[in-house]
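We just call them A, B, C, D, E and F in the order they show up, numbering each chain from 1.
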Amino acid sequence: MAASVFKDGDSRKWPFADPATFLDARFIENGLQPEVLEALDVALIGVPMDLGVTNRAGARLGPRAVRAIERIGPYEHVLRVAPMGGLKVADVGDVPMRSRFGLAECHADIEACYRMIAATGVIPLSVGGDHSISGAILKGLAASQPVGMIHIDAHCDTAGPYEGSKFHHGAPFREAVLAGVLDPKRTIQIGIRGGGEYLWEFSFASGMTVIHAEEVAEMGLKAVITKALEVVGTGPTYLSFDVDSLDPAFAPGTGTPEVGGLQPREALTLLRGFKGINLVGGDVVEIAPQYDNTTNTAQIAAQVLFELLCLATFSPAVRTKLT
Amino acid sequence: MAASVFKDGDSRKWPFADPATFLDARFIENGLQPEVLEALDVALIGVPMDLGVTNRAGARLGPRAVRAIERIGPYEHVLRVAPMGGLKVADVGDVPMRSRFGLAECHADIEACYRMIAATGVIPLSVGGDHSISGAILKGLAASQPVGMIHIDAHCDTAGPYEGSKFHHGAPFREAVLAGVLDPKRTIQIGIRGGGEYLWEFSFASGMTVIHAEEVAEMGLKAVITKALEVVGTGPTYLSFDVDSLDPAFAPGTGTPEVGGLQPREALTLLRGFKGINLVGGDVVEIAPQYDNTTNTAQIAAQVLFELLCLATFSPAVRTKLT
Amino acid sequence: MAASVFKDGDSRKWPFADPATFLDARFIENGLQPEVLEALDVALIGVPMDLGVTNRAGARLGPRAVRAIERIGPYEHVLRVAPMGGLKVADVGDVPMRSRFGLAECHADIEACYRMIAATGVIPLSVGGDHSISGAILKGLAASQPVGMIHIDAHCDTAGPYEGSKFHHGAPFREAVLAGVLDPKRTIQIGIRGGGEYLWEFSFASGMTVIHAEEVAEMGLKAVITKALEVVGTGPTYLSFDVDSLDPAFAPGTGTPEVGGLQPREALTLLRGFKGINLVGGDVVEIAPQYDNTTNTAQIAAQVLFELLCLATFSPAVRTKLT
Amino acid sequence: MAASVFKDGDSRKWPFADPATFLDARFIENGLQPEVLEALDVALIGVPMDLGVTNRAGARLGPRAVRAIERIGPYEHVLRVAPMGGLKVADVGDVPMRSRFGLAECHADIEACYRMIAATGVIPLSVGGDHSISGAILKGLAASQPVGMIHIDAHCDTAGPYEGSKFHHGAPFREAVLAGVLDPKRTIQIGIRGGGEYLWEFSFASGMTVIHAEEVAEMGLKAVITKALEVVGTGPTYLSFDVDSLDPAFAPGTGTPEVGGLQPREALTLLRGFKGINLVGGDVVEIAPQYDNTTNTAQIAAQVLFELLCLATFSPAVRTKLT
Amino acid sequence: MAASVFKDGDSRKWPFADPATFLDARFIENGLQPEVLEALDVALIGVPMDLGVTNRAGARLGPRAVRAIERIGPYEHVLRVAPMGGLKVADVGDVPMRSRFGLAECHADIEACYRMIAATGVIPLSVGGDHSISGAILKGLAASQPVGMIHIDAHCDTAGPYEGSKFHHGAPFREAVLAGVLDPKRTIQIGIRGGGEYLWEFSFASGMTVIHAEEVAEMGLKAVITKALEVVGTGPTYLSFDVDSLDPAFAPGTGTPEVGGLQPREALTLLRGFKGINLVGGDVVEIAPQYDNTTNTAQIAAQVLFELLCLATFSPAVRTKLT
Amino acid sequence: MAASVFKDGDSRKWPFADPATFLDARFIENGLQPEVLEALDVALIGVPMDLGVTNRAGARLGPRAVRAIERIGPYEHVLRVAPMGGLKVADVGDVPMRSRFGLAECHADIEACYRMIAATGVIPLSVGGDHSISGAILKGLAASQPVGMIHIDAHCDTAGPYEGSKFHHGAPFREAVLAGVLDPKRTIQIGIRGGGEYLWEFSFASGMTVIHAEEVAEMGLKAVITKALEVVGTGPTYLSFDVDSLDPAFAPGTGTPEVGGLQPREALTLLRGFKGINLVGGDVVEIAPQYDNTTNTAQIAAQVLFELLCLATFSPAVRTKLT
């Protein structure tokens, strides 16, 4: 099994020792440089920006909260993989952004950063931050070729501009489609619910596949997995996980909670079911630790990040540049 | 869809602006007056009284906690309705009660208030407060004609007097049957569990249908819905939702939590399944925010209140007086 | 005493009944209109905006948190006044702002609103929101005549632009001086501390009086009061209270806590000592309820708001327009 | 020092072992019996009743919360006493009350219980419960002879009836005076503040000495102690400590918090200063653990209970019946 | 005194009265004595020791937290039993251990205590403490004859020594097998998951039956129950329940939470399904109340303890010594 | 990449970006090496060990909690110093310890580590961990020459062995004196209180100066500072700050809270008063974040760490080896 990696249980660092990093990976200061990234298979990146929220702020502290979780991994017993053993992985720090007071400027900085990342061939796994960052990430990462997407969320996030801005966290995937970086036909949205359905006509009009939360229960997880694999096919695929896809009991630490969501056990089964997709990047977003006094939200977010890392192990995209 | 109501997303108030009201409805000061209520289809009412609790107090703060929740609705995507668009709805404030030190006096005030309400033809949707209020509400609301009831709760609440009082929160539905305002044959109790079963013989003796929490899992939600619709039929029906019907992980903020309860997703499916019942009133009770540091309990309570409002939209009782 | 106002203790509303408003004052929907304000002596106003924060967001929920506090007043036993009895006061709701995604736009909306308010002669007492709102308030309120200010805070908030913006919460009083609406010679800043002193040279250069937190302890409260009264004199004076002036043990619910601050008892003594100043407006800001699980921060904020209301009672500015 | 009592540090029970009792004293089941009490010097008693509150309920859980505190004592280094070594002390359980739904009935049960206690000569130290219990305690304990009182509180608690009841927690000491069990001339109230002063004219009219919170700071603690000793003299004296006398930062867990209160260090100095008074009983009340997530309120309450026990050591009333 | 007040069926103690004990059972001070235990059918015992944890400490406070839960039972409506009515049950306090600073010494003390217990024929139901206590319990309890075990947990706890110690909480069941007190062929482990699978080869090698968390969902509860009953058969059986078997949303208060666990409703169904096993002892462990601000973890732990008590009622082992 | 984006004075990192380190200092992985330390003036070190606690565990998480605090410094306005500007400072990670299950082994590892550190001439500032670590630190750091000490704490920590161990957190300074590394005549203990005085006879017998918490208030801070400077003189001095020296309202997150402690403002004044002492090392200990839901304890701990760093700036010991 993973015996060669962990043959001496004693040699592992105490789980609560030293500064906290994503999944206890090595931290590389100023790691968002081409020469650093080219030497990695997967980069774990924080995007601590929440100026796009429409309701409760706080997700700017999401990356630190996810780093603070100890004891995720090292082994995934269903997928039978210990990803840190097979991949070169590091926490490369957070995307530098020029202003805490300008949403559009932050998006520009994120986009530029991921454009640089795309050129290195590393698979970026990002932790938000509000969901608006995913739009900017896709614009940078998929500039040369549109990607498909598995999107797990309570909200479709395909609304139009609010209050004069198209950069808010309810719109990233409309923007990504309009920018030509996201292929709506290869996009599936899972876990959708809440009172905003009337805002997401674009999802339906553009050809995305939408599976509501109650439909997940009705269809069963296997059918959802099958549908998702069918939708995204073998092309390059991004996976975006918003923690508000989960029921607020499991993920209270988020800005726009919606009653009636998925359970973590369901989410894990879905993610494991996506083994083999051509994963080119992924994110977990909307962790607002101010509302997460048990740290459960950060725990599930860290676990999802770990599952993304496991999926990366099996992805044909490892060390393959998007072109 | 609901496009005509919400065609300009920008024009909605920020979710956290202004004093908080139930479901962000308009507040009418001193709204519990016949002339006000006669102009409404549905009245949202607080009943901040918890003198009937047997264990942990605190539900007196339930109405304020439910009002504090932002972002419920405006659209219900399964029922395909935006209830605020079709109904005249307002938050008419809280039932005035004469004494914080007298349970029986509070019940008398509640009963009198709902008797007045019944005469106006408005559908009252109430937020408690402990469950003892439901007995007083029924005595006022159904004085002219007994109603049926869908009762979702961990406890049957059909016990006899405790410690010299019949007004406590474990007895309202026995009292209502004995007062002739509740038809036990048209009453179904869903989610029952906990160590008090021996106190609820009246439920069985009077002919109520009792479905325990574990039976909900065994029967499946569709069978429960079918049974409930069969029990209540087409007659006037009240719906009472105690948040302790849910597992404490989903609704910690309550006075008598019981391990092993329903999930919010199940509760929502049940409520949606009751579309078309002849709803003449409803309540959500036992929200004790002192124990609800995530606000999850208030969130689900507000969502249940919204679902009740949606059910009201489809109820033949809209603008029909109970006679 | 206040006997005529409260002769029947029984007739007061239960402290937790009905929607919560500032100091339990009457709520006037859409109250930010000249005709409404002209009929009032004091308007209680929310400004739920926190796009100007440099660290932890959340103060957008401050107004709702302060409204949720029950049981402040009605009598101030040191000042011997029951202000609601002598003044016409209402909660007029929150300043409407056009975009949750634009700090500069919010400032413009706030400024315009307070310009309108200034013309009505009402004394506005505002609840933030981050401290950047005070700059916009002053630009609107004091457009016709610069005011003096008593400023109680951990930070001078007279820094220059950060990251391309001059609207952040560390700069409002520099901006106000530069705009000609704040007279630095008539400005005193009390409670200052923390690691940012090097950013606030403008305070000293412009002639403001700065009293650090440790100097408050050394000088004694009486000397601080005397100094403050001397600085502001009899001219129109604004009072701005940032809850981070208090030690974090007393006010944890704020975005930029600083160890070593004032105690509430000291703050109350200071505020009472300012009886008789020519108060033309005031605010209490930076309440971030996400970090305030005891509600203590909101409690002290509501109490400060009440003290401001008492000071208004004694202000020569009541019903006097700033011209 | 206390060496003889604690000569083997190892032999003490772990602080968190076994069921929790007041000050880790021995628990005597059904201990509220004359034969048990006559064998004790001091009885520690719970009174878990909060039906007299006017605002937030919850103090019914106060006794359990105070019991849960570990590590108070065994030595008081300022008073130089280890009270458990010199006195026979036990936790005798809680006062049985006949109904959770009847405030007046509870008062009758408390009064009867303390009348029995008075006859045994034990000194009762009680933990509430809301402050209304103190009125009933005094009626029972001092039935044969009025007592003096040192009363530390934010509120005078000498108001008249509210909403038809004279048993609420704002009135016990008016009731006690009217019942002839409390001598107002030998009563001092310390720490008074908040917006209810107009309700407490009875304190002044009856001749009680009232020292407001801000006067404590102005006079200094020594002067307050001197005044208190002068007021109560050598006659039998009760000491009632309401945790809301403290600033809410130190005691958030209470139903009617008032900003600007005492500090624990001040409270301890006061209590130590009362060494030698003729203490015949005492209580600490209004601990509402729902609002006490740090347990700080219960900690200070347990410490106050310990200080009362130390004062009992020095009281001439030990083993002396009130006659 | 109490008896005359409460003569009728309402005579149950208020749920929050008196010192808290396990399941509100009678407390017997120094109850861990042969003569006491021989007079009981079931002994409820605390083991407040957490020196064996590998991550977050705190379970030493587990027994007190479980005692603090009110309102569990008295009736189990699925098993149709009120166990306190049929069995002699008491809370006999906590196992005395000689040192808070020595894990091995604590294990020796626990083992010796349970060896004494085994000789009395009482069924011990224990509350931890970390899971390492179960190894010591088994060594004492099953010294004369190996037992089978139903083990519900996220972790197999069959790892080898860590950092020089074999007494940590990841190893008790390997130790128990090696000591000849646990029969691996009669052992089933249910709910297993997390990143440590590579540490538990001993479970598989020794012949234990392992059912992962996701397999519980796939197999269905009935199949799991059938399998467990088949594995343990009719021989003496121990039941060990680690609260981290549950998803962290249901049991946040634990030291090594693992996302994706069981639901309480599932756990209750499993436990009820084990009716009739030859239960000779059981425990519920790893309750860390520091992380349990809703008390939900302690609630479910107390409910599990109650279910174990119900299972004891049906066990052929009642009053039968292990020989 | 970052450099081009942030060319101006605004170029400080966002306070919540990247992995958290002590005082936002640079992190050096595996920094506890002679060659690394010799290049530094001050090393910030974590010691995440809490096996020495007698009551509530949890301080093992103290270093991570202190690292998580943003926004301390960079300037100290009373001491007029920006220490990061003048000193070479880094977070060098946590002391590696061989076993989570062995207190004595951890002490040996700590002692060895600080012996190595002493040889490099760097000033170590450490974050605990429970207070027992200070004994081991002193044994390593002062092996060649005894040091004096300013010790701010609720407890003297000079007790003898408990339960067979001399390594517990109540004994480090007795051990240090007995080991010849601490000069009791040059030791002052400030803030002492609580019920354990009888355990600390060694402090008095060995000639330490003890100033109780209430004596701090009586003497005044200036007198305390003068006394401390007189006691420690110009010789090498260690400063140990236990957060339980503060009142629990200011520092709830600790294992053995004691009511009636210092205020942060007092603590800061004391620390600033020690400017110029010959500081050779220091620590801040007993931060247990499980009990610190406001993070206030970690905030004050981080501030104390910063003050220690400022004191280091003025210490003659900078770059001077203890010999």
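The rule is short, and it goes like this: contacts are C-beta pairs under 8 Å (C-beta built on N, C-alpha and C of every residue); 3 or more make two chains touch, one makes a residue touch a chain.
In this text, all values refer to a predicted model and were calculated from it rather than measured experimentally.
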item	value
Where subunit B and subunit D overlap in contact partners, by chain label	C, E
Interface copy of D-E among B-D, A-C or A-F, judged by whether over half of the contact pairs recur	A-F
Chain separated most widely from subunit B, comparing mean CA positions	F
Inter-centroid spacing, subunit B versus subunit A (mean Cα positions, whole Å)	38
Multi-partner residues of subunit E (at least 2 other chains)	16, 54, 56, 60-61, 100, 162-164, 249, 291, 293
Graph class of chain-chain contacts, one of line, ring, star, complete, other	other
Of subunit F, residues touching subunit C in the complex	10, 15-16, 70-78, 82, 249-250, 263-265, 268-269, 293-296, 299-300, 303, 306
Subunit D-touching residues of subunit F, taken from the complex the two chains share	54-56, 159-160, 162-164, 193-199, 201, 212-214, 217, 247-249, 252, 256-257, 259-261, 291, 293
Residues of subunit E defined as touching subunit D within the complex	1-2, 5-6, 13-14, 16-21, 26-27, 29, 46, 48, 60-61, 63-64, 67-68, 91, 93-94, 96-97, 100, 293
For the subunit B and subunit D complex, residues of the former touching the latter	50-54, 56-58, 60-61, 98-103, 105, 162-165, 167-168, 290-291, 293
